[in-house]
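Quick heads-up: structures coming right below.
Each of the two complexes below includes chain A, the first together with chain B, the second together with chain C.
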Partner chain A sequence: MGNQTYLLETNDLTKTYKGTKVVNGLSLQLEEGEIYGFLGPNGAGKTTTIRMLLGLIKPAKGNVTVFGKDLTKERIAILKQIGSLVESPSYYPHLTGKDNLETLRKILQVPKSRITEVLEMVRLTKMADRKVKEYSLGMKQRLGLAASLLGRPKLLILDEPTNGLDPAGMIEIRELIRQLPAKYGMTVLLSSHLLTEIDQVATKVGIIAKGEMIFQDRIEVLREKASRKLHVQMDDWETGQKVLSSHGIETARHDNWLTMPNQPDGKIAEIVKELVYSGLNIYRVSEEIASLEDIFLNLTKGEETL
Partner chain B sequence: MMRALIQSDLMKVKKMVWLMMVAFPAGLIGLQAVNYSLRLDHLLGLHDDYWYFLLENVHIFWPTVLVLTLTLIVSLFASVEHETHTWTTLFSLPVNNGKIYLSKLAIILTVLIGSSVLFVIFSLILGLALGFGSDLPLMAASQMSLYTYIAVLPFVFLQFWLSMGFTNQGVALTTGIANAVFIMYAVDLPTWLPWRWPLLMDGITSGAPDIFYGLGTGAALMVITLIHLTRKDVAA
Partner chain C sequence: MMFSNVLKSEWLKLKHSKVVFIVLASPVLATVIGLFTTMHVPEHQWLGTITTMILAHSAIFLPLLTGVFAALICRHEHSGGGWKQVLTLPVSRLQIYFAKFIVILFLLTLTQTAFITATWVAGTLKGFSDPFPFVNVFVSAGVGWLACLPLIALQLWLATMLKSFAGPSVVNVMLTFPAVVIANSPLFGPMYPWAHPLLGMTQALSYSLGGDAGFLDSAVTFYVVMITSFALFTAVGSVHFQQREWV
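Then we have the complex of A and B:
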């Protein structure tokens, strides 16, 4: 891994609006073939970061390198290989879906057949000749996605691409995105404010809160952060607490439930045995796994540090 | 690349633009047709050269109408992109930012030329209909139209900057309409003020000095406008 070059890399990226650092010292690394989930609550600075990645706004500090090139120096060469969908999809309502893509195709200078291809990829072929003002929000979102794929990009940057889609549509788009690296050799950066949305597609996750990157690693590493707890329900919790504390296990109580940090299997067997030997009636033993969403919420609340 | 950009922009043009290109000069000539038909004898008695006098008459309100036309057309071109936040998509394309604006500017300037040419054609048709004879004042009519066009260039770039640079079209439209109205009262202004230039006060076939002011100021405004627009953040 050492001194490898990244497909996209930012260094100390900072953007200031009216004296507030909306994005603060962001260092983001994206490897080829990855699907990078860029997570953060509303207002965290995702869109602002993405605008800087595309050179739409100028950072106050820091730099962006894409395909090994400096964005400020070789912006056009870089943009040739990037497809993007930023914030709400943009479209001309008085034109048909196909004509909307045609306005972009002329500039991207790809063959006309590419329009048919991308329309099929997002399953919009049937609506292609209808004016976009007749489209539903989900169809517009698909059209935006089709537009981002038009130039056969090496890197696809999608800002909340499943915004406004129904659950079935979300799954469909997620499936499409998931296939992109293997099928077309694309690398994807995908932003969202919902962990569940990228959980199933992302290979790497970056979490941004209040403009700062608070976590960036493989999604498995995030999963390991999931804290597990053990709950035991019994009739006489006071005795139970004493017994457990004599074994060095501190517990919290809720009704007649005792809660403790998760233990290895052998230790659990031992705990239960001790409690039973002490004459207690054990009603339930259960394990609680904090969901990824909980971890994400905890992280972004800024209460817990990593 | 400019060709591709222009073709792409042409696809997005709203029909209203073409309508305005034709309707404004047609409307103005229509009014003069009414004017002439109501008091033909009186008007013919005012000047020996019927054709030249007709051109002077149709030209009186042409600067105002042209500034009104360009204000609305520029705003239409800008709102096509503002309304649905397509600037972001446009500027994410592998194209020099300046070219995106230049393409729109080229089309706008061409539409205004179209309007100016139609204005000449409609004027000549009116003269023919009034029976001024087939000795058409092609040269004078073309000079009148061309000089006015050049003299309003500063307003084109001012409107371009206001309309493209700011999402809210209120400021651009108010400024443009105010300028259009103000031109009607600019007769007594000093020669160096832009509202006076399109009036061609030294005669409709005499461009100097107005077109030189117009060209110089126009070029300066164009450079400033393009520099500002291409450097600003694309935030919508």
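Then we have the complex of A and C:
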């Protein structure tokens, strides 16, 4: 193992259900102050992993270290500094929003004013004295988020936190999450099946598919994985193709567009020059950048990639 | 973390839950039955009414109540997905389990207290002039309370294991109804925990009055079964709660 200390680290984390490995050899590293986007299609093993991180279920193999402590040995000390929201929000429908938080506050032993604070943070102040059974799904989700923030955790683990929110609510919650590291010194692990969710807040990304971590790095590195292509539109594509092929560049054609792998700047200048010298009329030169969504789909569709 | 904080948290969850109606249901019903009973023991003015009320309360309602309380105390964790929230709090699972256990015991205490009051109310309304045999009714209610312990331990185990409101209740109802018949068997009665509230309450009353209602053939069996089943159900239930996977 590396000598770097992580805020949260898993080693070879594996969970088996009925002989199937739903999480397989997962090594996840989370540094302090990061917003870690835990990304994967539904059923990839995200929630199972998160449940293991919180000690709700036991791994078949491997271990979880949080704040440098072993989860199996010091679960309670670790949980003291973790706030979490797993899958759907948990709530007591017959109690008001405030009383729901009070059931947790009694155990977490934070001042009563903290309830007002977290309700403010998720913009639920107006609904505080209403019973939760009157809440919309979005409000319940906000309450769940408020509950996770209640104990001023150092680490926040949020499983699909924007589920059930309307677009405006999503933006609001995303903005809130984005501020957490700088404003409150929190580190966040955020799971989602939507890349756009992660793309806008995460500093680091882990992609899980079929229980295995297939990518884990800074989000910029993921972007570089984009397969860029160069498209050139011209009048006489047949000549163009010959010219380029004599320079060792294989192209594909669509109408009068020639498509080739992306080239460095100097090479592109050279290609254009050659084409023009060969008497061709160049109409357009354009670069295609695969969206992160494409990369994500590519990564998760099968085992052949990466 | 202090255990009392966990208890306070559990207690708060009962707010607005209308649990008071469940606590009072059996004592109120017993009062009505007590008012209309024609059973009369010549040498003791209160005895007929109190015995009738004890039978009504302890044969069916008390065993059923243990299941209802257990289901109620886990109900919102089941329906609202609360287990994953409660169990990621910085407290041990056993503290959660026993906090729930103690809240159930407290509700049972309220019921038994209400029952003692109910016997007094029924007799007073009937205009009994002899002094209210408080000690005898108190002893009976107390032994009834003890006799419910194994059932509570079992019901809490089932309620946390089956993760549903209906499951444990159905089990409890099915095991409670034969209790009336089984209680009549001197051999099997003391061995059947669902017959224990009835056996315990009736026997304790008559014993405290210096008699023997004859319901209990073997007091030793009764207490051995009570203590061992209580210990067994508590141990299995709490270990299961601690070890299980919270998926």
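Quick note on the criterion: the second predicted complex is superposed on the first by the 302 of 306 C-alpha atoms of A that agree within 3 Å, B and C clash if a C-alpha of one lies under 4 Å from a C-alpha of the other, contacts with A are read in each partner's own complex, and residues count from 1 in each chain.
What we mean here is this: a contact is a pair of C-beta atoms (placed from the backbone, for glycine too) under 8 Å apart; a residue touches a chain by one contact, two chains touch by 3 or more.
This structure is a prediction, so every number in the text was calculated from the model and none was measured.
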{"item": "When chain B and chain C are modelled together on chain A, clash or fit", "value": "clash"}
{"item": "First (chain B), second (chain C), both or neither touched by A:Asp236", "value": "neither"}
{"item": "Contacts of A:Arg51 with chain B and chain C, given as first, second, both or neither", "value": "both"}
{"item": "Which of chain B and chain C A:Asp217 touches, first, second, both or neither", "value": "neither"}
{"item": "Partner chain in contact with A:Thr103 - chain B first, chain C second, else both or neither", "value": "both"}
{"item": "Contacts of A:His94 with chain B and chain C, given as first, second, both or neither", "value": "both"}
{"item": "Partner chain(s) touched by A:Asp294 [first = chain B, second = chain C, both, neither]", "value": "neither"}
{"item": "Which superposed partner A:Val86 touches (first chain B, second chain C, both, neither)", "value": "both"}
{"item": "Chain C-contacting residues of chain A that also contact chain B", "value": "51, 54, 56-58, 76-77, 79-80, 82, 84, 86-88, 90-95, 99, 102-104, 106-109, 147, 151"}
{"item": "Contacting residues of chain A [partner chain B, same complex]", "value": "51, 54, 56-58, 76-77, 79-80, 82, 84, 86-88, 90-95, 99, 102-104, 106-109, 147, 151"}
{"item": "Complex contacts: residues of chain C adjacent to chain A", "value": "1, 5-6, 8-9, 12-13, 15-17, 76, 79-92, 245-247"}
{"item": "Of all residues in chain B, those that touch chain A in their complex", "value": "1, 4-5, 7-8, 11-12, 14, 80, 83-89, 91-96, 233-235"}
{"item": "Chain C-facing residues of chain A, complex", "value": "51, 54-58, 76-77, 79-80, 82, 84, 86-95, 99, 102-104, 106-109, 131, 147, 151"}
